[in-house]
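Common to both upcoming complexes is subunit A, partnered first by subunit B, then by subunit C.
Then we have the complex of A and B:
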């Protein structure tokens, strides 16, 4: 199959699977809590329902509220094109490095914060303030971690690093690889607003970070923001799968895509297990967790350079 | 996109939305500032409101926080303090009275006499120590005097 076709097929697959992953996490959590799991297609049903719903916008909101949902979604859609390939032989963008990906994700978060502040409610401001706090600590760690893995893979571009890691697994750098993996997993949890950092199912404003920013929008705009959240999870899961679980792309393309989906669901399963077994951290204890991520990222770089391990 | 919108006021817990029900910049930066307290050491001014005599109303509280940039605090303020200290002593020395003037001439003569030994190649550490002590005592007693 042609390289470009595989490239676009992977992207379409990720877009289609995004709501499924979040519903899968929710289903696993409910099943582990002895409840009857929600349907796995609930994400798609929510999206369709929100598209049909009427949009109620605050009288105090400005044009930002009408524009920001699109600006939250578009950087994430751009990042989808920069991820490491799932199938060997597919086209991939080789020159995009950690700064670009982190910057695009931060751009999406920035417009989400503006959206939260726009509706003149104090809950939105609180969510934006907390999101700024968490992002300020997450972004340096993410740049460090992805750079560390790029060093191990021998190329600064994330796509090329994924291909290099699939060809030659760096068993001689296992220590720094594991440190980077731990750091990236913590960042995956933090950036996607999962339980140790933020509760995605809370109904209490006191415990909200991401939910508080989107309290005052509904309808099409909320559909866009929720799909942005699911695409963000797919991006992080795909980066984790491509960089830290680099087996599978050399198979035939249907099998390789299946393995890729399996890896995404494995990441979702790990996130669900962690969500069930931990409680949400107090806001000012979150820097402790993110500090662990930064420290592991530093350790990864230092063990790679100083110890050569 | 042809989105059908309906407008409605934001609920502000029963109050009218305004500048006081929204997040200000101080509040927005609150968590980050609190986390970096150990580094920036901001100056906080908190005037807490209290209830009046009949407990009917509450005077407003004021909270202001100001972060002085670290370079300004260490580099600029330190240099300014050093310059102030040097200028104080220069002023003290330059604006002296008659006795201080005489004492300064006395000390200069001591310096010339004591340093003669170096040029006459009769230097010894013992005499150098003794003469330094005499010079220091005379400078302290006659020129510097008490610190004003």
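Then we have the complex of A and C:
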């Protein structure tokens, strides 16, 4: 199969699997709590339902409310094109580094925060300020982590780093690799608003972060925002799969894609298990968790530099 | 493989530093000892050292199984405070822990030149020695101090296993018995503390 075709196939697969992963997490959680789990297809159903609904915009809202959902989604769609390849021999973008990816994610978050502020409800402002608080702490740790992995892989480009890791796994740098993986997993949880940081399922006012910003959004716009959230999860899960579980791409392409999907679902399973086992942190305790992420990212860099382990 | 285990060892110790619950702290200690035992088993199989294999198995049995369980039973018996907020604020600990690590990594540099082969492990074990010292001094309660002491013993064991390719068997067995005696002494200590209060 041609390289370009495989590239687009992977991206389409990721887009398709994105709502599936979030419903999978929800289903696992409900199953572990002895509830009747939701169908794994619930994400698609919600999307179809929201597309059919009328979209109502608040009277106070400006043009930003109409534009921002697209601008929340589009940087994430661009990031999908820069991820490490799931199949060996597929086309990939080699020159995009940690700053670009973090910057694009931050751009998406910025428009989400604007959207929250624009509806002029007090919830939106509260949610936006909390999101700004969290994402300001996430970004330095994320840059540090991806840089440290790039150092071990020997290339600053994220896609190229994934390829290098799959070809030659740095077994001698296992310790710093592990620290980077721990740090990245904490970031994955924080940036996707999963339970120790934010509860995606509640509309209880004291705990909302992401939901507070999109409380006034309806119809097609809500569908866009929801799909942006699921795509963000897929981006983080596939970055984790590509950089920290670098095995599988050398198989034949259908098998390699299957292994890739398996890794995505394994990450989702881990997130679901953590969500069941932990309580949500107080908002002012969140910096401690992200501080631990920064400690591990830094530790990964210094063990790599000083010890070479 | 050994690098991975060393990473897990250090990671569990750092996580233990930030824990605020006693049972969670005991769990991290058990995990820490488990990786230590696995490390001894791995190095033992590589060196074909029967004594080291034995001490690794004993580490897993005693330190990862028995001692955390005994401590849990003791803490239930004496109704110890299970909320153990660290005395050093997390904000400062976030800065302190990497500083300690950098300092010890550079501190261990001259020593690690003397050790052949696995020089990194000396640096990691010395830094975990300092981290468990931090674990002891950052808590006010008795129980986390005990865990810090046990972690310090783990760090010394790591140093012994990796730097010298295994201490003599007699010494290690002696250390194990000392540890069990220490647990008995801790029992008495807690008993006295309860009698006084």
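By our rule, the second predicted complex is superposed on the first by the 309 of 309 C-alpha atoms of A that agree within 3 Å, B and C clash if a C-alpha of one lies under 4 Å from a C-alpha of the other, contacts with A are read in each partner's own complex, and residues count from 1 in each chain.
Convention: a residue touches a chain if its C-beta (ideal position, glycine included) is under 8 Å from a C-beta of that chain, and two chains touch if they have at least 3 such contacts.
If you're wondering where the values come from, they're calculated on a predicted model, not measured in any experiment.
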item	value
Clash or fit (per the criteria above) of subunit B with subunit C on subunit A	fit
Touching partner for A:294 - first (subunit B), second (subunit C), both, neither	second
Three-chain overlay, vertex subunit A: subunit B-subunit C angle, C-alpha, nearest 10 degrees	70
Touching partner for A:182 - first (subunit B), second (subunit C), both, neither	second
Which of subunit B and subunit C A:171 touches, first, second, both or neither	second
Partner chain in contact with A:136 - subunit B first, subunit C second, else both or neither	first
Touched partner set for A:5, first subunit B, second subunit C, both or neither	neither
Subunit B versus subunit C as contact partner of A:219, first or second or both or neither	first
Contacts of A:252 with subunit B and subunit C, given as first, second, both or neither	neither
Subunit B versus subunit C as contact partner of A:302, first or second or both or neither	second
Gap in Å between nearest CA atoms once subunit C and subunit B share a frame through chain A	9
Footprint overlap on subunit A, comparing subunit B with subunit C	287
Of subunit A, residues touching subunit B in the complex	54-61, 66, 117, 119-122, 124-126, 128-130, 132-133, 136-137, 216, 219-221, 283-284, 287
Subunit B residues within the subunit A interface of the complex	1, 3-12, 17, 21-23, 27-32, 34-35
Parts of subunit C lying in touch with subunit A, wherever the complex brings them together	1, 3-4, 6-8, 10-11, 14-15, 18, 90-91, 94, 97-98, 101-102, 105-106, 120, 123-124
Subunit C-facing residues of subunit A, complex	171-179, 182, 287-288, 291-292, 294-296, 298-299, 302-303, 306-309
